[in-house]
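Mind looking over this structure? Questions follow.
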Amino acid sequence: MGSEITSADLRVSIGSLNLKNPVMTASGTFGYAREFEPYVNLHRLGAVVVKGISIEPRAGNPPPRIVETSCGMLNAIGLENVGVERFISEKMISLQGINVPVIVNILGDTLEEYREIAKRLADVDGISGIEVNISCPNVKKGGVAFGTVPNMAAAVTAAVKESSSVPVIVKLSPNVTDITEIACAVEEGGADAVSLINTLIGMAIDHRSRRPQLANVIGGLSGPAIKPVALRMVYQVAQAVSIPVIGVGGIETAEDILEFMLAGATAVQIGTANFVNPRASEEAVEGLAHYVAEQKLGSIREIIGGLILP
Amino acid sequence: MGSEITSADLRVSIGSLNLKNPVMTASGTFGYAREFEPYVNLHRLGAVVVKGISIEPRAGNPPPRIVETSCGMLNAIGLENVGVERFISEKMISLQGINVPVIVNILGDTLEEYREIAKRLADVDGISGIEVNISCPNVKKGGVAFGTVPNMAAAVTAAVKESSSVPVIVKLSPNVTDITEIACAVEEGGADAVSLINTLIGMAIDHRSRRPQLANVIGGLSGPAIKPVALRMVYQVAQAVSIPVIGVGGIETAEDILEFMLAGATAVQIGTANFVNPRASEEAVEGLAHYVAEQKLGSIREIIGGLILP
Amino acid sequence: MSQFQEKTQITRIERLTENIVRITLDSPDIASIAKPGQFVMIRTGNGKDPLLRRPFSISQTSNSQHFQILFKVVGRGTSLLAHSREGEYLSVLGPLGNGFRINCKSRNCLVGGGMGIAPLLFLAKTMLRKCPNTPPLVVLGARNREELTSLVYDFAELGLSAHTATDDGSLGHHGLVTDVLKNLDLGTNCTSYVCGPHPMMAAVHLFCKDRNYGCQVSMETNMACGMGACLGCIVPVTKGGYGHACTDGPVFDAKELVWEVK
Amino acid sequence: MSQFQEKTQITRIERLTENIVRITLDSPDIASIAKPGQFVMIRTGNGKDPLLRRPFSISQTSNSQHFQILFKVVGRGTSLLAHSREGEYLSVLGPLGNGFRINCKSRNCLVGGGMGIAPLLFLAKTMLRKCPNTPPLVVLGARNREELTSLVYDFAELGLSAHTATDDGSLGHHGLVTDVLKNLDLGTNCTSYVCGPHPMMAAVHLFCKDRNYGCQVSMETNMACGMGACLGCIVPVTKGGYGHACTDGPVFDAKELVWEVK
């Protein structure tokens, strides 16, 4: 396995960001990466995306915040985070020397917040990319999520792009009628790549107590349950845009990654699977290397968009 | 169990349609009901919804049409059906004397087709309700699904309602940004009730053959995997409309039904679960009767919308 | 048509090879009315994943009390089944489908490939009872000797000596079952009863068509329900449109099917 | 902090009652470094449903080779675990969390309710080794005699005779563990180590607060990861915001937590 890993060409590029392989970890599911050091050789991963950061610290939602569902889970963490200043002074310090590209996921309640946080991160060392979470509700526009309205999505993208020196990935919400419309809008807004999907909005009820299982009532559905929806959306978006597409949703293994890449993804993110198997990301890299060697591919890039239609 | 079943008050009403209990079967998952006679005492069910009917017979999509996914399945049956004439002359005849309300699910590619089929069914005996599947693509409007555009959804509803003498249920697609908007539109269009959700659009790929697992490439995701999404949408819609809401999506047991009713559903439909356990619908009725007796409820109606918020 | 959903008890689990397993189930309801070529839908676990039942041919019945299934471990469902324990209960729907139509007036030839051999044992037994004067010919194919040995033995116990073909030549003819068929004396009036991989069935169909022989094939398709409700299990038919493998089949007259020769 | 993800072999499964099970796992890595109050995250099956691991306290270690978990069957995950077989392997993450802080200078009192008793056995053993001159008091509560008998016996084997309370009075005091605590002579300097249902822990906290006793509680929350990544496992803390039960806990100083008394 060792020699396969070093010899197989797994490199992919997301705009100007060159990754040694297409396997990233998804925001909010890998902490600030150090948590996984007992299990994963972090330098073997393509990139890590850290937990979403806002301008001000957020305590997040009250408990319970997570509940398991059939082949999936709902979360309503409420974007708990230390805020951008402590992120820079504490978390980024601990990420020094981590030897894997770090992508910072950002979020805001207003266009200005997005812009401001991007600016604040612009001159911080060690950040290889920004991922913009546009699933958050726009407090100024009555709580409609940025990610559900094309021109709002485009505006957030442009604002972040303007203020950033690193590639900007926009993370799309699946809770829309036509995700290609949003993808095209953020491409026009200047996004270097799109990642999809964020969680599907869901809910769970305990019939005994007659109460919602999450204190926040609704939450985000992730895990294998949503993989078919994610794969469909990646397939649709990959045909609609010409920037790289990063596939997210229910990915657990190298086989899953192959499916997303065949559908058109240039890279992928592993989310909930990290909880089930903390070594999932590194094992997926090994699996891809094995596949490239076994199939005698020149590079993993050969399979991107290689779906054969009936 | 026997006496509980007869004594528990499980009755609910969908417009002018009075059901002995809230348990229906979902269209496309219960054939034309007779298929389940070896397993189910059909007269014990609230209602059966038969497979979707179009004006002309449809052969449906080529194989493979179904594939299993994590805690769910994708189907791309392509609305195979015998067409309304043979439905009336063959299927309705076999449904005579079935002793359970029959709801006919209808679909079309144009507004006119919906209207025409509703008219054709209007004077057929033994039909207790019409369920309008508006997830079909509108061929005249470039294939955009009727169910994703509020005024198109309202127009279909009005057309069917005009031509029908029985209650009209409109079945909503979950593949939209804001399902309450569509629900409100069909309420204004005259719907007597809404049912939701139809399937989520999804996809599966076989990485070995590099081909889609469905000949149709994309298909509809159903089963326990989608239950959290269905429950959330039922909860939202029940607050937005004042007509009855029928909950569908991943329901397997009486416990699942209680969750949907707490979220605001007046009745429910069991779909994919019929394949796993053909007795699922009748067992759910028994479970509800047991619950009403055990909890000493005057009627199952007491729990509708009874979710206790934190 | 009678069908049952039953909790059936596993009375015996045998591993014929590392990944071929035979399970004997106690189910008088199903065993007493099943016909060769019919199948059952089995829940492979109690959880929601795998969600759907899995179809298996009835490969034997005994004393109107037990029936057997014979399967290869190919994925999660079959792997779960293989790990069940004697004494445990499985939820079974059946018997489902139409079954083979036995024609005592023709020379009969059972042609099985891989796990397609499963239903043929039941068929052979029934034929021997119904047409005692015309024992069927048996032609079995598989990857290698290991997969075939114990199945050949089962037919031998019925007094039928199988002609065999293996992909690697480790037992019988080195090659395809159709090669074997060509070298048999089948006369002018023969019916083949075929179950196996699609390309094999297509080849046997062509062989039979050329000679004007009857040919019944048992089709495998993805199935969600097994009882005509999901409309998932289709096979293209020559008269246009589709037949449903679970109710119109799984056994079809090969002439009625569209064979895409790739 | 060392943590491992391991395939651990089940060396023993014991049913203490109809639905209380003890599993012994062979894992030198975890057994040799675990501290009382720490826990492990276990995959209860190979499938995707249930998807997430389940948290269980380490209830014993032996010879730096094996450790035990003790659990009640309450749902699908625990039911699957209870059906595993000796010799099979379980995927285990651990040891996780902070563990109890043993204070040899105070009188120590272990208070367990229901399955909350699990970690206290490990704690008792360690205390006896670390503070040989001050054996802890042990107070155990449960629904009934059946649930408690074999656990009381485990403490007796360590030379500790437990004070007991049951909901139905079938063993020891008929009522709550706090009633028992009130009647014990705990002196002026005492620390309680508590694990059990939330209302019980709240009551013990109040009891200790009134008397200025130390009180460490082990909190149960929904957990997806067990290692600080999902931020799901929160408990409200008095200084504002939340603590994370898997990394800041599961053992907290009761005074640092917000106790909603309902």
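We call the chains A, B, C and D, going by the order they appear; numbering starts again at 1 in every chain.
Heads up, the rule we're going with is that a residue touches a chain if its C-beta (ideal position, glycine included) is under 8 Å from a C-beta of that chain, and two chains touch if they have at least 3 such contacts.
All of these numbers come straight from a predicted model, not from anything done at the bench.
Shared contact partners of chain B and chain C, listed by label, are A, D. Chain centres here are C-alpha means, and the one lying farthest from chain D is C. Inter-chain spacing, taken between the CA centroids of chain A and chain B, is 34 Å.
Between chain A and chain C the centroid-to-centroid distance comes to 47 Å (mean Cα coordinates, whole Å). In chain A, the residues touching two or more other chains are 62, 70-72, 223-224. Listed for chain C are residues 48-50, each touching two or more other chains. If you sketch which chains touch which, every chain touches every other chain without exception. Residue ranges of chain C in contact with chain D, taken from their complex: 45, 47-50, 76. For chain A in complex with chain B, the touching residues are 62, 69-72, 74, 148, 175-178, 200-205, 207, 209-212, 215, 217-218, 221, 223-229, 231-232, 235, 250, 255, 258-259, 262-263, 303, 306-310. Considering their complex, residues 48-49 of chain D touch chain B. Residues 28-31, 35-36, 38-39, 51, 59-60, 62-68, 70-73, 75, 77, 80, 223-224, 252, 272, 274-279 of chain A touch chain D in their complex.
Across the complex, chain C meets chain B through its residues 1-5, 43, 48-53, 91, 93, 221-225, 227-236, 240-242.
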